[in-house]
Amino acid sequence: MVNNYRISDLMTCTIADMLEDGETVFHGVSSQMPMVAMHLARHSHAPNLVHLNIPGGVNPESIKKASYSSAGADLVEAGESNFGLDEIFDLSMRGKLDVAFLGGVQFDRHGNINASVIGDYDKPKVRLPGGAGSAVLIPTAKKAIIWRTKHDPRTFLEKVDFVTTRGNLWKIITPLCVFVFQNGQLELDTIHPHTTIEEVQKQTGFPLVYDEVRYTKSPTRKQLQILQRIDPDDFRSAEM
Amino acid sequence: MKKLTTLQTAVSGIKDHATLALGGNVLHRAPMAFVRELARQQKSGLRLVKTAGAHDIDLLCAVDAVKVVDAGFVSYETVYGLPPHYRAAVQTGRVKTNEHACYTVISALRAASTNVPFMPVNGLKFGDLIDRNDYFVVVEDPFTKEPVTLVRAIVPDVAVIHVQECDEDGNAVIIGPKYEDVLMSRAADKVIITTEQVVSKYKMKQQRDRIAIPGFLVEAVVHVPKGAQPTSCHQKYDVDDKALRTFLSLKEKQEFKSFIDSYKKLDYGAERGNIRW
Amino acid sequence: MKKLTTLQTAVSGIKDHATLALGGNVLHRAPMAFVRELARQQKSGLRLVKTAGAHDIDLLCAVDAVKVVDAGFVSYETVYGLPPHYRAAVQTGRVKTNEHACYTVISALRAASTNVPFMPVNGLKFGDLIDRNDYFVVVEDPFTKEPVTLVRAIVPDVAVIHVQECDEDGNAVIIGPKYEDVLMSRAADKVIITTEQVVSKYKMKQQRDRIAIPGFLVEAVVHVPKGAQPTSCHQKYDVDDKALRTFLSLKEKQEFKSFIDSYKKLDYGAERGNIRW
Amino acid sequence: MVNNYRISDLMTCTIADMLEDGETVFHGVSSQMPMVAMHLARHSHAPNLVHLNIPGGVNPESIKKASYSSAGADLVEAGESNFGLDEIFDLSMRGKLDVAFLGGVQFDRHGNINASVIGDYDKPKVRLPGGAGSAVLIPTAKKAIIWRTKHDPRTFLEKVDFVTTRGNLWKIITPLCVFVFQNGQLELDTIHPHTTIEEVQKQTGFPLVYDEVRYTKSPTRKQLQILQRIDPDDFRSAEM
């Protein structure tokens, strides 16, 4: 047990722990945290994980140059082969993408995800960036993992304004907790060591569902050491 | 069959209300010189097609050149945040967004590239996008009687693609990720290439296995070094952080104009012979 | 996750009645060592998928391993003439031919690669093939109300592709024309590579832009130098004229067996260490 | 006017004359004669003709190594870029393939083409190789040209056994004549200098349609010289 870690470290390590050896895993644009987490997994328990990304570099050896982007050419230059975005989508359609990392802005207890609009679809109050691949990847990837660096009642709410998609949502990780989608609803999986169940409930716009309060495992010393080495410029904290 | 032409001439052929597929992805290898010239020539009513756009779509929305955006995602990347001009244009109703799932843009372009009216899409099974957008429809598969979602074809009038190397016949090499550019070149009715370098036919032939777009598909070639700035162009230059931040801070019409005009020298440079081939 | 295996083991995993997509085209880069081992192991009821086949399909028809052929064209090239064993098998009703338009094989594989039940095909508008084959159907386009022809997906259980270079992870380089091999590797449930050379991961990484099939799609890698003979393998060997003429002159079951067995040493050579990697 | 040419030379030159500068033109497998004709056109009146072929080599500089095949890797090695068969089909579907060279075994006066079977489709008397790309290219290429090295009443007959396809058939060239498909029927365009209208009629299984008998232009000295240079091994006669 170590204490010298930040929330971004905890989240990154928790994401890495969700990944199994040999899985094919995709992340999109503006996805530095999952990208680092995938590398952490490859450098620890999942050396045969297949890392796929938008520019199409399979298993980039290093992510140190990925800087502001997680869709840049560096991932191709460092890759061991090329597999472009169109092919990754096709792979997921064929049921052969194990894990997809995706975003979203609103989430409700029924596992609905909104990345499209706040307000009316045709005349929105807020036009969001859009779901990118979510609407086809969340229904087809075997496990969809959402990460959010914000956790408040406007993000996790009773009913989303618009259903961009739903489907094989597996886990959602936030700065406060991990949700798991099971039994047709978003249930609390673990809360992070630095928070309380009251705090998580206060920041969540629907009643939390759980049997007992479990805590997220803290990063190990080894994980933090690897992080230091593979992500020295701290891209994992870019969104924090 | 001279294909080499000037930026102004190439852009002057674009009609108002044209459907344009823009190459690159988010902040990478967007055909920005071409986009700026569209703004300078005050094109309007454009329909823009891209899986994931950023500065290109945002700039054209800022100058009110756009009517419809077909895209899966429009935003700058993490450090630059959301696209203010695109959002304002959509929220005030000036621009209509056809929200796609990135893949459905690809599917719609694949339909165009094979000249069929639609493409079936697995995966688009749940959610409000299917109901709210009239370019999706669910039908019964005549073979299995199961439901299947179709996306309607999108045929761009022109695909505009910025590349690192091209010869005068239009044979184009893309270094690094190609994103949807190859597909766009097959889906569009016409293809315009803007290029960092115009290389000799001899040099191109030496690297023929790297050619992503064969010349016979290409209508026009424009020599524009730095033509993707302020987005990145692999092996040539990185994102121009300062320029992007400047643009994102602008609010007024006159400011957009000044920003766009500040690139004039760069955008027209090769034509004036200031930059050696 | 050891992928390197022997020809016998790789072929032993093929079930009777399996649907196999065979790489290469007519007399070029057909996976003949694998095909001969299918014959040796007396597989039966196979469904073969290829745009244009020749010796591969003809040989498997000769030994009665085939039930259905999905292809646009089955014939040797000009100087060798028609495929006698395929023709005899079809004309006596032992083999059913699903005649495609080459492109409709491609379309059916594209449908498989995107996991949709069918693919719309422009161009297939006239003639008896549409009516006589139940894998084509004409429906009304829900967007335009015009008729459109659909071809049903073909999902190969296994794609068998012979390449010049592959590493032990299955990253495969095809030198020269790729034909439909890349598509087959995406359409099939499993991919088996037979290869002239097994190269180091280091060497493969140096030429990553030439990789046609990334390793994570590949189930098994079999080292079989000369594995395409008597068809050609670009930069390795040309068509074996004598062997083809010999095969075409054969009539009896025992003759086919002898012909196929005459390749045993070659087909198993690398496993026995007779041929250096 | 020269006389030292063979039927294969005449046919090859006649085919070349059908091609215009700048056109995109495709030939398939076992198509040595059109392949040589395309090269002849490129070396004379159509330098900007775009030569497409199955292995995918665009505008191969030389066809001297094509030998027994017209689908081999040599066409790629000598090409100026790559454009594979799947892409050529797509191009034709988009209406951007100007000319396609295709084969066939039976042809009738209504422009129907059979490359599939003699006899019943399901239990054929003779299983033919199949139409290859014909069934999608003849309806979509702007002009389809058929060449046959055989001209007899079993090839040109009243009614084909099976309609593999029909569509934008433009011309058919044989050792005896050139047919043109117009007014919904196969009409006689020209007969070759070495034959007579009686001979052509005798070898054709339906009544010839023509206003007047026109003769196919003989190869020019220049064409024969170019042929000698670009096809020294006489691939153009491979089928004769």
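The first chain written gets the first letter, and so on, giving A, B, C and D; residue counts start at 1 in each chain.
In this section, a contact is a pair of C-beta atoms (placed from the backbone, for glycine too) under 8 Å apart; a residue touches a chain by one contact, two chains touch by 3 or more.
All values reported here derive from a predicted model rather than from experimental measurement.
Trainee: Please work out the Cα centroid separation of chain B and chain C, and write it as a whole number of Å.
Mentor: Comparing mean C-alpha positions, chain C is 38 Å from chain B.
Trainee: Taking each chain's centre as the mean position of its Cα atoms, how many Å separate chain A from chain C?
Mentor: So the centroids are 40 Å from each other.
Trainee: What is the distance, in whole Å, between the centres of chain A and chain D, each centre taken as the mean of its C-alpha atoms?
Mentor: Using C-alpha averages as centres, the distance is 58 Å.
Trainee: Could you pull out the residues of chain C that touch at least 2 other chains?
Mentor: Each of 114-116, 121-122, 209 in chain C touches at least two other chains.
Trainee: What are the residues of chain D that contact at least two other chains?
Mentor: 93
Trainee: If you connect every pair of chains that touch, what shape comes out? Choose line, ring, star, complete or other.
Mentor: Contact map by chain: other.
Trainee: Any two chains that touch count here, so list every such pair.
Mentor: A-B, A-C, B-C, B-D, C-D
Trainee: Where on chain C does chain A make contact in their complex?
Mentor: 1, 113-116, 171, 186, 201, 204-205, 208-209, 211, 214-216
Trainee: Of all residues in chain D, which touch chain B in the complex?
Mentor: Interface residues on the chain D side: 22, 24, 48, 50, 58, 79-83, 87, 90-91, 93-95.
Trainee: Which residues of chain B touch chain A in their complex?
Mentor: 25-28, 51-52, 71-75, 77-80, 82-83, 86-87, 90-91, 93, 97, 99-104, 106, 121-129, 132, 175-180, 183, 232, 234-235, 239
Trainee: In their complex, what parts of chain D are in touch with chain C?
Mentor: Against chain C, the touching part of chain D is residues 29-30, 32, 54-57, 68-73, 75-77, 84-86, 89, 92-93, 112, 116, 121-127, 129-137, 139-140, 162-167, 238-239.
Trainee: Inside the complex, what are the residues of chain C that reach chain B?
Mentor: Going by the criterion above, the answer is residues 107, 111, 114-122, 137, 139, 141-144, 146, 148, 150, 152, 209-210.
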